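Presented sequentially are two complexes of chain A, the first with chain B as partner and the second with chain C.
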Partner chain A sequence: MTGDDRLTVAAVEQTTVDVRSYVLTSHRPLRPYEPGSHLVVGLDGVRTCYSLTDDGTAPDAYRISVRRTGRGGLSDALHDTVRVGGQLSVSGPRSAFPPVPHARHHLFVAAGIGITPILSHLGAARRWGRSCSVVYGYRSGAAAHLELVRRLAGADLVEAPGRTALASAVAEAVERQPVGTHLYACGPRAVLDLVTDRCAAAGWPPERVHVEHFTAPDLDAGAPFEVLVRSSGRRLPVPAGVSLLEVLERDGVAVDHLCRTGVCGRCRIGVLAGTPEHRDLVLPAALRDAADRMYPCVSRAGTAELELDL
Partner chain B sequence: MTTAPRTPDTAPSYATPLAELAWPFEPGADTYRYWINVERGRRPVATAAGSWGRHVLEVDGGYPAVMAERTAILDREPRRCSALPHALPAAWEALEFGLAEIAPQRPDLFRLQRGDDGVLRWRNDLLGTRWSARTGDPLVDGAHPLAALAGQVQEDLFLLGPREDRLYVDAVAATFTGSWSSSFSLGMSFADLHSPVPRIRDSGMVDRTERFLLSLDPGDVYRRTNWSIYDSGRLDASLEASHRRDPGHAVRSATEHRYGSLRLRVELQHLVRLPATGALLFLIKTQLAAFADIVTVPQWAGQLRSVLAELPEDMAAYKGFARYRPGLLDWFDL
Partner chain C sequence: MTSRSVPQWPDAAPAPPPAGRCWTVFDLAARGTTARDWHRRLTVAGLDAELVTVPEPQLTGWIEALPPAFGELASRRHVGWRVAAVGPEHAVLALRACAVEAGLMDAELHLHADRRTHRRVYCPHCGATTLAAGDRFRCAGCARTLLVHDHVSLSSGRYLGSVDTPDAAPGAAR
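After this line comes the complex of A and B, so read on.
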């Protein structure tokens, strides 16, 4: 599922005062996903990522939980406009916060709505019998999925109502962890900073500390530009999010290609004027500035226009 | 002039029907070099003799013979399947993926069912296999889930997992590799696996390939081919099996061989990014075709001769025919 898909809102549940959980289904089978994955939800041209809360092994639905921020934006729009039976346009799931399977122990730290990917990790850890413990910081009375977390984590849960309690729970957990533990944290910026500082102070290797920010993914659609095809003299616009290769193909310009991901080098074309922005993995370091060639499946333009030797 | 090995080689000879052969040379190309020849999978490709590539795992006409040999090898040498403990979820995902891939190809023989109770049931009437298991069980019908899959499919199976941005072999179930040891590869890094290959280690190609593999999206399926030349139709050309062969055989046959019975050994390789575990499933289907058969397809005969004639010496040595190249080229020209 790489392009956008339309999913049906099968249920909406008020999880806490300001968090709603959405159950999204499809008539087609839903692709499994790695724990900690997110769905990119689009509404009126705005796209935001929401963590999926199940373990992802055999999903019957995609479940996300959305907190109303009160600042407008997509999350508030979802609260205001999405009803059961409605449709949502999504892409993904994408995985950017996966578990490390060979870890000896998994320490999960969640603050606030940051519980969503941690819930997914916790479910997977339980499914596969991985050793884990959870620190969950929340505002009293506003802890999303608390009952489920308690049920799954059992004695391996430390609850921290309030920032001070969370800081000391994190400090203690970080000090106590055995060699080979990996830590996964999701929450607001300040909490993530706290976690990474604590880990650094306790001598954790940075590769064992995984944090998930609440930020949009790097969709990297690139800026729009234009190309001039030398043989035909045609000028073609390349919109953001569309590859030059696709634009050429649509215009009937045959470009030999294979991988479409910038590794095989097959689609190389010559550039006569303008500067390409190389995004491939083919050009060696010494040629990263080359202006006479490019791989149009991924690369774009550093100038407003490129003239192509086609 | 026939080859007469000193010790009897009982391994059966295998021949892939030409109509199913994944011809490894680009249409029209008369040379061959290593490059990252990857393309998306599940698309049939027409060749001069037929087509290939519709499925990721494919049950073809050779299934009964190949499975008989695989079963014999696995019974004799269970260590051909091995896995690191943390690979269990990925092995399970591979098992479910693989069975779901082959089940619809032969509904007369296979039956895959997931009960409402969550139990997975598998039946293979050709091999007489019948088991039920729950996702996550450490053993399926007495075997590791990856070994259980190997017992039902023709392909060799490898699971690679990322660790700090490098790929490592986490599980192996393979009986038909070329001249290397799959069991020895357990735990090895992608870079170390490729270190014996001339040309590619210092070219940056291994690094680029690894970055490509790490950047695959969940569910992506890519494929590539690889080829070499062997002197027999034995599927199991692995180092594990080398003690079963006469050590002088390869060298002697190089001079005495009737070139028509040399085999083009094609590996059709698929790479699948398993979505639920992020592991990389690497599949190799080994195909074998005798030169005498290949030259019945005129386009193939001409192309193969050109490629073999032009290939640089170090690659020809790695591909297994440098020693007898002049005689072989003469044979093509007969």
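After this line comes the complex of A and C, so read on.
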């Protein structure tokens, strides 16, 4: 599948109190995908990325797991409206969190619903005989896919019920990984920060640490600034609390986008002059100072004006 | 096999960054006190550093025994381990090949060649590796006369050789 496609909801399973798993099928063959890939699901004009939980080899269905947040949004809408036999508009799969091919060992760290891409990685590691171990942090009684993770990981699983247990399990794990290990972590920002801090303290080069955010941080409204659109020569004011992406759209400047939360990297645009203030989760740490590009769905300006390559 | 042009080394050896958790510094018959200086710097920075010294007469034998020995050393280390090495290029490149084979990445290696005396050259005809002093040499495996090319395999640390033909000049093939 390349563009949007409609898939049939073949099954819905209540995985935990607030997580539901959806099995999506098609009459057409489904494209295989790399472990750690996600599907972009659209409903009533809103689109969100969900990790595929299988290993991606010869898929008979696409499986995603969705946690109800209680804050509205697409995840809650899926819980409320999608039933077996219904259809969902999806695009992908897209790979944004792939395994490193030459890794000698894979250490997977998951917190909460962050288990979804990790489950995909774990399945692939088992299928292809790659060495791996798993640290899974969860709230007691609310661990999605726990039985499957236990079955796949066996003795290579460390379970961490609660944040404190997870912090010590991570601290311990990063101290004793064999040379050549790559670490993959998915969870809320606080857990990912903990993982990267612990790795840095244990002397891991950042190249070995791969994280996937599943929630974007809440951002403040930011200060107003102005942009100059190169092609039209038009100057547009960006008020506080309004994203640059919205301003561009309202002015009829088409910018491809997806998540609108600085996670997917789709809305990248070029910057010709001025300094962007990066607020996305896409740019790697080494590129946080980059002045030649930005993600306008969340990022703003560090200077009074930006000139955009649009 | 990944290959690239001959590595360029700066004249003065840059000091290793005080990164990682523990270091092994290899003094591969290095000139002067570079390896000892590196070792001292790392220790002063509070890192756990060991110094392995290989004297010049033992270097060739040490390189031959390196693949299993390095693998064994790496199996006793964890992520956070860094490796530094200084000495003649053929020894440094051989060590790099073993380090990459063991799973280390460039970010975990700090290497410097202080001279280029010999080159380890791969013969594409018989597969043998010869330690060659000049641009033209006799293959230790098949006794053909070979030319050294300006290409190094990063995975094996060897230069590429080819049969000497009348119109081939050393370093001409790319």
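Assume the second predicted complex is superposed on the first by the 214 of 310 C-alpha atoms of A that agree within 3 Å, B and C clash if a C-alpha of one lies under 4 Å from a C-alpha of the other, contacts with A are read in each partner's own complex, and residues count from 1 in each chain.
Throughout what follows, a residue touches a chain if its C-beta (ideal position, glycine included) is under 8 Å from a C-beta of that chain, and two chains touch if they have at least 3 such contacts.
Quick caveat, the model's predicted, so the values are computed rather than measured.
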| item | value |
| --- | --- |
| Which superposed partner A:Glu207 touches (first chain B, second chain C, both, neither) | both |
| Partner chain in contact with A:Ser95 - chain B first, chain C second, else both or neither | first |
| Touching partner for A:Arg31 - first (chain B), second (chain C), both, neither | first |
| First (chain B), second (chain C), both or neither touched by A:Pro178 | second |
| When both partners are placed on the shared chain, which of chain B and chain C touches more of chain A | B |
| First (chain B), second (chain C), both or neither touched by A:Gly265 | first |
| Partner chain(s) touched by A:Ala58 [first = chain B, second = chain C, both, neither] | first |
| Which superposed partner A:Arg127 touches (first chain B, second chain C, both, neither) | first |
| Overlap of the chain B and chain C footprints on chain A, listed as residue numbers | 102, 207 |
| Complex contacts: residues of chain A adjacent to chain B | 1-2, 31-34, 37, 56-58, 93-95, 98, 100-102, 127-129, 207, 258-261, 263-265, 281-282, 284 |
| Chain B - residues contacting chain A, complex | 35-40, 84, 86-90, 93, 135-136, 161, 163-164, 170, 204, 208-209, 211-212, 215, 217-219, 222, 275-278 |
| Residue ranges of chain A in contact with chain C within the complex | 102-104, 174-181, 202-208 |
| Parts of chain C lying in touch with chain A, wherever the complex brings them together | 19-22, 74-75, 77-82, 102-105, 107-108 |
